[in-house]
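Input: structures, listed below.
In the two complexes below, subunit A is the common chain; its partner is subunit B in one and subunit C in the other.
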Partner chain A sequence: MTLRVAIEGVSFWASRLPGWDIARAVILGEQAAPEAPSARPSPTLLAPTERRRAPDTVAVALEVAARACEAAGRKPSDLPSVFASTHGDLAISDYMCSTLATTPTLISPIKFHNSVHNAAAGYWSIGTGSLAPYTAISAYEYTFGAGLLEAATQAICEQRPVLYVAFDIESKGALASMAPSRGLLGAALVLTPVSKSEQQRGLILTTESVAECQPTEARSAAAPLVADNALAPCLPFFEILASSNPRTLSLALSRQTALNVQVN
Partner chain B sequence: MSATQSAGERELAELIVTALNLEGVTPADIDPEAPLFKTGLGLDSIDALELALEISKRYGFQLRSDDENNVRIFSSLRSLAAHIATNRVTA
Partner chain C sequence: MQSRSLRITAYTLCSAVGDGTAATLAALRERRSGLSKNDFGPSPIDTWIGRVPGLEEQPLPAEFANWDCRNNRLAWRGLATDGFIEAAREARDRYGADRVAVVMGTSTSSIGASEEAYTRLDPDGRYPADLRRPIIHTPHSLGDFVQHALGLTGMSVTVATACSSSAKVFAQAERLIRTGLADAAIVGGVDSLCGSVLFGFNSLELVSSEQCRPFDVERRGINLGEAAGFALLEKQAPGGAWLLGYGESNDAHHMSTPHPEGVGARLALNDALRRADLRPEDIDYINLHGTASQKNDEVEAKIVADLFPTATCASSTKGWTGHTLGAAGIVEAAISLIALEHQLLPGTLNLRVPDLACGPQIQRDNVERKARHALSFSFGFGGSNCVLVFGRDR
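Up next is the complex of A and B:
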């Protein structure tokens, strides 16, 4: 199976790499990362009622989603979207589990409302007033590749541009000991089935059965800044996008399935 | 000029601002007689549930979602604080 798509817009946000311009410069070794972590982005496209309830998942996902649409020159409400996250909001999951175990009638309605894996996708569709379909996907450590494959597949099948948003936040409590994740990390792409411009980077995606997946490893100065986040496997892809040179990388879709991505 | 808050109303105003993460609202600025929902502070039904939870945790009694007096109880900071003063279990 081969899928060919082009990238119309890219965005990236991590606590020490707040924005694609900074992330790209750090990846290319053109500047050092800021010493202090940035405060979480404010989801300004939300109405005040939603904004004050928005957890970190929503804040980081909506930031990168909005920036990718901006970079692509696309109206957010026009785009179907794929939201991928390894854990969703493990901090809230931990809160829900510990409250149910101790005082089950005292669950916070707002936290309950925010606990679902598709919270970020839901807030996005409310904030942008979008009626386009959205998908929320998780594939544990294979989440970034699975989401990319899903978004590219939708772009090809539906013959329209698709917004792809991947994010993970800090896990907390007992669940963090089993599924650790630190800081905030989000990245987004607008993928289109047809390239309108020579300037756009093209992607050729192929899947391959292998004896044991050996995903491409991150190697830039940005790697240690996001290594502890569950979405860290996305970084090698953005390292290639940061450079203008064509390269091929391998992402894992399972222990024995590779997603090979040729970036032109 | 809004009416003056009592000590109980101030404490409740602080709980509302913190529990609901109200942006740009100072507890002392909440008019005790202004509506809490829709107009006024602009709270909605999810806020009402959250507020009921926080009140039961802080004051030790349950606010029931099927209480026919809820519209009156939740109408303003003053009426909610008066209901708490009458029903609170914790000091």
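Up next is the complex of A and C:
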């Protein structure tokens, strides 16, 4: 089965690659990455009091979500959305586990409701006033491909543009040994159903049963800057988007199922 | 592309009221609650819980030892019930291991294992050796375990949208089948008791110190529960009930409080009825979210009173199972299927005096009558809503 969608908007944010323009230039070898990591983006969609205390997951997810909608020229509240994160908010998980181990009755109610995997999606919907459905998923090391496929599937089934947001943050405390992830990394796309005649940049997605997945490896100068973030498997996709040439890559959906992506 | 009806060729659930559909039906008929005084963990808060007995003494089979933790033990207990695992393997053999997708819902997955590790860190602050298994310290623990336990090799995804998680899995699976990415899907959800949810909901002052009383004027909050449930969805089959539709939306209102008018919930309901091509008059039974929190029940009661005829029976079954969070969608989907299969529409356990917002639809007592169509409502933190439509026939 083949899914065809067009890409209306792209965004990307990593601590050393703060924005798609910089990331693309670094990927293409046109400029060096900034030496110093950037401060985390401010989730300006939220009320000023909420911005400061917003978790890192929310800050990075809302940043890339807003930029992708801008790039697509789409009103955020019109778009259903798919939020994908390998581990969710690792810092809050560390907080919950360490507080429970010592003073469980002192758990912060705000941290608790921010601990849900759909917190970023929830804040996005509140900030944009969007009643369109969102989902929040994880598929461990296959998270980026699984989210991309779900977003494409929604665009085609519902015949409407869909926002896809993927993100992972830095791990904290003892949990970091089991769920390692460094820095902030977020990326977003606005996907729209496409007919063959349209000229937009398009994706053709097919799944393939294989003996052992061999996903396309990242090879640009951007790769080492995000390699230790849990969402690093997304980078090869953005390396191909950075170039204007049509290319094909393979993402893993499971150990034995590949998602082949033809980027036109 | 229009959404299509799917056959539900096998389903099961395992909760505090028992393992499997027969035990659940018996508890519903006998009005026997699975709730008990909270005895979970070293310093239990004063509340009632829906605890599944025996999980502590039931490690996973050796071949799945890497996934062993309370949540996956509960998943395994569910898979082993009602012949579900055999039905799933039969589907695998028929369609191919890569053509049966796994879409699981959970809220906290196996965070209980991470919580335990933090109580037993070694002097260097590292995890104890027996818990150094990365897969159980990440949300996809559940989807990954179920896929391996069933010997499947295609897509496996874990949906985590709080209390709507294992309702939304039906929608995602339907899309995968509609687009031809899968021929069948194992959907379901598992959530297990853990410190995060007990102390977390306690911090929000949403937990009741007595048995939960959904829709009662004197309700005092929720009881947490744990459960596993699964369903096998197929495009075509000679028998089985039908998934006729689903609706998804969100409130865009607040992280832990529903919209006061239920704007999102109404959208999800309309979307679900539209896909199923049904009207409110066609609905015989609604399994409500009915958590027994002040706000949820008030909003939900208003929606039902506004939109459904008096002949529709509606109830919350949380008085039997407790609120099983990310598993609530599948548990209540399974109860809706039991209601249609056995023509027994459960009432609302522990409801004595209905809230003023309740219309005549909300039932205290069980009702035995002909029923063709059932809805199941699931509304979660972050304002995520999902409504499912099931039919005995099409």
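Please note the rule applied: the second predicted complex is superposed on the first by the 257 of 264 C-alpha atoms of A that agree within 3 Å, B and C clash if a C-alpha of one lies under 4 Å from a C-alpha of the other, contacts with A are read in each partner's own complex, and residues count from 1 in each chain.
Quick note on the criterion: a residue touches a chain if its C-beta (ideal position, glycine included) is under 8 Å from a C-beta of that chain, and two chains touch if they have at least 3 such contacts.
As the structure is a prediction and not an experimental result, all values here were calculated from the model.
K.L.:
In the superposed arrangement, does A:121 touch subunit B (first), subunit C (second), both or neither?
P.N.:
A:121: touches subunit C, not subunit B.
K.L.:
Looking at the overlay, what does A:211 touch: subunit B (first), subunit C (second), both, or neither?
P.N.:
A:211: touches no partner chain.
K.L.:
Contacts for A:49 in the overlay, against subunit B (first) and subunit C (second): which applies, first, second, both or neither?
P.N.:
first
K.L.:
For the three-chain arrangement built by superposition, which of subunit B and subunit C touches the greater number of subunit A residues?
P.N.:
In the superposed model, C touches more residues of subunit A.
K.L.:
Mind working out whether A:36 is in touch with subunit B, subunit C, both or neither, as first, second, both or neither?
P.N.:
In the superposition, A:36 touches no partner, neither subunit B nor subunit C.
K.L.:
Which subunit A residues come up in both lists, the one for subunit B and the one for subunit C?
P.N.:
Common to the two interfaces on subunit A: residues 107-109, 113.
K.L.:
Considering only the defined contacts, which subunit A positions touch subunit B in the complex?
P.N.:
Within the complex, subunit A contacts subunit B at residues 48-49, 51-53, 106-110, 113.
K.L.:
Write out the stretch or stretches of subunit C touching subunit A in their complex.
P.N.:
Within the complex, subunit C contacts subunit A at residues 1, 3, 41, 43, 45, 96, 98, 107, 111, 114-115, 117-119, 121, 125-127, 132-135, 137-140, 143-144, 147, 153-162, 168, 172, 175-176, 178-181, 195-196, 199-205, 248-256, 263-264, 267-268, 380-384.
K.L.:
For the complex, give me every residue of subunit A touching subunit C.
P.N.:
Subunit A reaches subunit C through residues 1, 3, 77, 86-88, 93, 96-98, 100-101, 104-105, 107-109, 112-119, 121-123, 125-126, 128-140, 142-143, 146, 149-150, 153-154, 156-157, 159, 173-175, 177-179, 207, 209, 253-257.
K.L.:
Report the residues of subunit B in contact with subunit A in the complex, numbered from low to high.
P.N.:
My answer: residues 20-23, 42, 44, 46-47, 49-50, 53, 56-57.
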